[in-house]
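Two complexes, one shared chain (chain A), two partners (chain B, chain C).
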Partner chain A sequence: MEFSGFFWAAVFWMAGWGVIGSIALKRRYLHRDLDTSNTSMVGAFTGAAAGPFALIPLWIKTPRLTTRYIVLPVIATVVVFGLFFAKGDPGNICVTNGTFVASQFVNGLVIGIIYGFMALGLTLIFSILGIVSFAHGEFYMIGGMITYFITSVWLPGINPMIGVLGACVATFTLGAIFERMFLTPMYEGKIDRPVEYGILVTFGLAFTLQYFVQATAGANPVKAQRFLSFPRMGLPSSEDPWLMKTSRGSMELFESVTISSPRLTAALTCIFVLLALLYLLHRTWTGKALRAVSLDREAAAIAGINPDRMNMLAFALGGMIAALAGSLLVQAFSWLPQVGAIPAMRSFVIVVLGGLGSLPGAFFGGIIVGLVEAAGTGCVPDPQKAASYIPAYGMIVLTLTLLLRPTGLLGRKYASATHGQN
Partner chain B sequence: MSRQHIPTAAGAVFLLILGLFPFVYNGGDYDYVMHIIIIAFFYAILASSWSMLAGYAGQFSFGHMGFMGIGSYTTALLLHYIHFAPEPTSICTEFAIGGTYMIFVNPIGVTSTSLAQDCLRQAMDVWDGSVPVSDVPVWLGIVLGTIMGGVAGLLVGLLVLRLRAAYLALFTLGFAEILKATISAEIQITRGQAGLETPALFENGITLFGRVYSRTDKLPPYFVFFFLMLACLAVLWWLSRSKFGLFVRALREDQEAAAALGVNTTRYKVLVFVVTTSMAALAGAVQAHYVGIVTPNALFLLQMSLVVAMAVIGGVENFVAAAIGAILIQFVLELLRNSFTIGSVTIDMTIWRLVIFGIILMLTLRFTRNGLIAPIIEYFHRGHVAAETVAKRAAATDKDGVQG
Partner chain C sequence: MKKTSFLAATAVSVLALSSAVFAADCTIKLGGIAPLSAPGTVVGGEAMRDAMLIAESDINAAGGILGCDLKVVIADSEGLPEKAKAIMEKLITQDGVVAVGGGYHSSVGVAAKDVADARQIPVVFAETWNDTITGDKQKYIFRIAPLSSWASATIWRHALTIEGVNKVAILTENTDYGIPAAKETTAGLESGGKEVVTFSVDIGTQDYAGIIQRIKAEDPDMIITLATGEAGYNFTQQSADAGIGPLDLVFHTGQVSLESKAYWENVPDGNLAFVQRIGLPENGFSPKGKEFATVYKAKTGKGAVESYAMEAYDSIAIIAQAINEAGSTDGDAIVAALEGIEHEGTLGKIFFPYGTGKDPSADGKPDSWWHQWPDVALTVIQYQNEGEDSGSATIVYPDVYKTGEPIINN
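And now, the complex of A and B:
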């Protein structure tokens, strides 16, 4: 099934007014000597949502663009796009089948939490070291591999918690050693152009790790057994389980939304670890020191914090978070040495969307990207193409973010590490 | 001969050896050895153009293989879909140009499971050989591929103007990934993973130096790639010596300062993208005809990693060193291919060589920032200048007590 001409005309209309809005509004605000930091985004979304009917009042009144002016057009754009989609393709499963939509939504939310959690590691590394780790996907892959080997090959039948913990310990150590050997010299002035060095050396690490795993573990796809089987039950009663029904591998809510056990356990563990991480960052001395270094390196050093140790901790912790995401998802997806590339790309997208260096931003960005991907895979008519285009959905989000709001949703204008942004 | 001329002389000897090699070499595996060198030239073009983009201009683009893919897919699609015949097929979309008809073949995708044939095939069955059908010439496909690569470079360059360092790297990486996803997904048009077949560089053979070479002979493509590489290096050399080279290096060091001193940063940033991406596309287009098939696998991240590693190990801030690095590394990688057995353990070197390679890459980055080959050239070329500068810098540092 293909989209009708009407749908493409509508998309063209929205995109056209979006472009006009973002350019025109910025010029207007510049002309009037007003703050232009949000104009591109507001203009683009207002134009896309309502075309000239909302742009003209904005053009005439030029109000101060507060959060309200950002959030409303974004919601309106999503709604308008949805309406056009429904009109353009009335027989689509996303339009006719409410149960399917609810199921996609919940699954998008669940996987989005895991994505956000993984991106959190990347943003943690960036906020403290000021580099983007290109080896993030490989940490994810290694986490899954180690868990698979512990739970299925070396010690079959062992509590999967041991496997997850083993993966965490191993990747934490690896991250710490790598940071000491290759990244610490950046901060001792031994390397000129540290940003480029940071990109290339983590890229080299990714390359090495990927082929190391391929050489030792082989290139055949592997998959761990699911960690947790639900007890078979129905709520409120097993005869009429309208609220909740479980089988061994999955859970059905309200007789419509199905969540598989691996994804649910992964998402719940992620939330749990996230809370622990927040506790660490906000309530302990180490966490406060980490945040202090991310705000101002020199000042933190004056206050008696050793920034180099915080670097090491941040890199190891960031890698460990990715590995934890991987070790939780190895029960849901089949695992290859190359499996890290797409999650790594997705983490980058999420981190840029949420704002480089912002922890809550990463989490919300993850949920947004999870939902966008769920919508993309569920609603695009040709399912085979839809699946192939999964990386593209994220990239559309990334391109829009970079064009309209380069600082991201919750980003700070400047990162702490002086070499972070230029 | 003074010390300064040693690299030039060595380079000349190296080129002479490469130029004479196909005539002199008569050992075993002639085709295999030639193939390795051809691929080495291909990587040399990619690595040196990438080092111009990343090392000189500081634009760390990880989408270089994407542009290469644009080049190869442009020529492959063009030659696959457009044909000329003196008579109309009356099934296909076609236009009359003078006495010939330009025929657009309808996309049918991979046909292994069905017997559906494209419209030109059907027409040819009817004609039964009475009407000669001709393709787009290979050289035109390559030229258009190069131009398309340049245009894509222009668009991406304009889009990433405001992005720096990590953002740029991420965006270009994503660009290449989307391209790969699109090509893999649009099976109808690109035949996805099955790949598009392309005619050979010299489909009807070629006569060189009084000898006739058939389409499968390695010598003609060897010299095509050899001279392409020399041409690319010459263009890069000329650019680096001109105002352009100075300006893009200024861009790399400090964009604001360069702009303040009157460098049109927008123009040069976009220009360096266009130049290097069209080189990548050129290499891709020629390689598509040499290999005979294009698949989206060529855009894999591994290929990009190889180019990056070659450029870095050679010397990312010196495109000649990057090219030499690419050629040498291609050789070393081939030599390391032989697996061996220690006791009961078989070491599969096809993978382990890449691990070793990655470790060398990281160590090179860490300890000799300029790669392994660039410092050798530097040592002979301007060792005395460098020593002087370092001494001056050290003196200045001691005085101010400030680190760089």
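And now, the complex of A and C:
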């Protein structure tokens, strides 16, 4: 199917006014000696959504650009683009089939929660230690492998939560030991180039873990049994299950949205653990100490916090979070020693998109990437291209975000500790 | 005197031993390409590696090649074309192989063949299906796997025999195997009046939820998977979770599903899936095939022999025979021997009717028949009992090999 000329004209109109808006508003605010940190983003989205009709009043009044001025234009741009899309391709399944749209939305949301959760670990490590862990995907892989071995090989039939807990304990310990052995030289000033050292040493860990697993467990795909099999039932009745219908591996809501058991259990567990993590970070002394170190290591040390211990905790916790995501998804995907490569790459995108070092940013970034991927897969008209472009969808969002807001969605200017050094 | 005799005897013994050592030191190396890391099909790669190493043992036990030991140098292609070129260069220039067997992914074959042909090293591809691999009519390139167009024809012809199938969804990987295979399958199905919609994905894709919802919205009567590796497992099980798996409609899954143990672990809801198989069922194996099956099962602990393992074994064994017949490891001599060979392989009698001596066009055949074994048996099996071996699964197509009726659950 080809989009109509109207659609492309509309896209060029939006893009054109977006560019004009971002440049003009920034200049205007600069000229008036006002804060310009959000001007490119607000200008671009305001221009894209309403063209000169909203840009001119904004240009004249130059209000303080609060969250309201960011969120509303973004939503308006999405709505306007959706309207042009519907007009340009009225036969598209995303326009004609509400059930399908609901399914894609739920799919995107569920997988986005899991993406975001995994990226949380990466951003936690970055915010405390100031390094990007290139072994994040391997922690994810190890988590799945350990869970598989516990639940399917060593202790078949055991409660899968034992397997998940086992994976968490093992990877937390691995992360702590690795941090003590290989990352401490960074804090002691023994390394000339700590950033490069951090990258290389975590790269080394990644390769070691990957090939260790391949050598010991083999390279055949494995998979854990699904943690939860739904009983066959229908609500409100089995004859007319319009509300909910379940089969062994999936649940159908409102006769439209299907969620598989592995995804549902993974997403719910991620939300639960995320809440626990937020509690840890905001309501406990240890969590506050972690946040303090991420803000200012020296001030934290003066206040009696041991930054080195926080480094160890952050790296172990970050690795464990990735491993938990893996241990929850080993029931959904076939698992190989190389399985972490794509999720790790996606986590890097999400972390930068959300803002380096921002935990909420990582989580929302994950959801945004999940939803954008679902929208692209569902709505790109050519079925031969829709799924082939999956890796590109996240990159498009990332590129746009970095152009308009280089610190990421919720990032702050100086997000990391000084490479873990006192 | 006694001392002198002892020294002389020792010297003679040492000389004799040295000459024996020098004789055993003569080694002829063959390359063996297999995907042993992701994103390649590791299940297939490991099976092929095991088979090629069995071939090496069997050949050495039978006296080696030209009186020398055979050494099969296994190279990991990772299923990637760029890696394929690199390992072919390495095998030839660093390892000093005189010919190459194996090969699983078409994209690997397409990329690696030009390197081998330019360096005048014969290759017998085992499991690379893309038609152009032989269709380019390169002097040093041979193949014992079926052409992609033949394999696709088996799938679409089988689909046309199933009643109630009017609309087919194809999931294909966007590779040198998947893209032409999808086109050929689509053309075949459309020639039978079926409606076809094709979805393509990157090799290595794990999460199919979005595309499965889209396929579900198309409401197909049949799904055909033209993807290699664990993609076949992931897509089939995720489809089952979404209510459009093998237990819900006619479902042709990826060939990797012939590895039954891994299939049932990765696709617990995969009963009633159809799978294409290259080669005859086990009860129809040649004597050499039966012999290989016994050794292979003992070595790997598997309950059945995958067709790509047999192809890999044959690709090494046929090169060894060609070198022996040529009496030389020279590339041109091996090619000449291969063009005239009659090899009793595990898959049957292997020969190459078309090549430099006779062009395929002489018999009205397309270029892809060049250096191509024409007698590959292609079947479709169906898992009809949970946990069963692919070797004992019911053959449902074609009629000549049929062992039972398909169960159509639509």
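Here, the second predicted complex is superposed on the first by the 406 of 422 C-alpha atoms of A that agree within 3 Å, B and C clash if a C-alpha of one lies under 4 Å from a C-alpha of the other, contacts with A are read in each partner's own complex, and residues count from 1 in each chain.
The rule we apply is simple: a contact is a pair of C-beta atoms (placed from the backbone, for glycine too) under 8 Å apart; a residue touches a chain by one contact, two chains touch by 3 or more.
Small disclaimer: the values here were computed from a predicted structure and weren't measured.
J.: Are chain B and chain C a fit on chain A, or do they clash, once the structures share the same frame?
T.: The answer is clash.
J.: Determine, under the contact definition given at the top, whether A:Leu402 touches first (chain B), second (chain C), both, or neither.
T.: A:Leu402 contacts chain B only, not chain C.
J.: Quick check on the superposed pair: does A:Phe53 touch chain B, chain C, both, or neither? Answer first, second, both or neither.
T.: neither
J.: Does the superposition put A:Trp8 against chain B (first), chain C (second), both, or neither?
T.: In the superposition, A:Trp8 touches no partner, neither chain B nor chain C.
J.: After superposition on the shared chain, which partner residues are touched by A:Asn97: those of chain B (first), chain C (second), both, or neither?
T.: Touch status of A:Asn97: second partner only.
J.: Under the stated touch criterion, which partner chain does A:Gln214 make contact with: chain B (first), chain C (second), both, or neither?
T.: both
J.: Report for A:Asn107: first if it touches chain B alone, second if chain C alone, otherwise both or neither.
T.: Second partner only, chain C.
J.: Does chain B (first) or chain C (second) touch A:Ser388, or do both, or does neither?
T.: A:Ser388 sits against chain B and chain C alike.
J.: Pick one for A:Glu252: touches chain B only (first), chain C only (second), both, or neither.
T.: In the superposition, A:Glu252 touches chain C alone.
J.: Give me the intersection of chain A's contacts with chain B and its contacts with chain C, in residue numbers.
T.: Comparing the two interfaces on chain A, one with chain B and one with chain C, the shared residues are 214, 341-342, 384-385, 388, 390-391.
J.: Can you check the complex and tell me which residues of chain A touch chain B?
T.: Touching chain B from chain A are residues 126, 131-132, 134, 181-182, 185, 189, 191-193, 195-201, 203-209, 211-212, 214-215, 341-342, 345, 348-349, 352, 356, 384-385, 388-392, 394-395, 398-399, 402-403, 406, 421-422.
J.: Which residues of chain C touch chain A in the complex?
T.: 36-39, 42-43, 45-46, 174, 197-202, 204-211, 213-214, 216-217, 230, 233-234, 237-238, 240-243, 259, 262, 265-266, 268-269
J.: Hey, which residues of chain B end up touching chain A in the complex?
T.: That would be residues 54, 58, 60, 62, 159, 162-167, 169-171, 173-175, 177-178, 181-182, 184-186, 255, 301, 305, 308-309, 312, 316, 348, 351-352, 354-355, 357-359, 361-362, 365-366, 369, 403-404 of chain B.
J.: Using the touch definition up top, name the residues of chain A that touch chain C in the complex.
T.: For this pair, the touching residues of chain A are 93, 97, 99-100, 103-104, 107-108, 111, 152, 214, 218-223, 225-226, 247-250, 252, 258, 260-263, 332-334, 336-339, 341-342, 373-374, 377-378, 383-388, 390-391.
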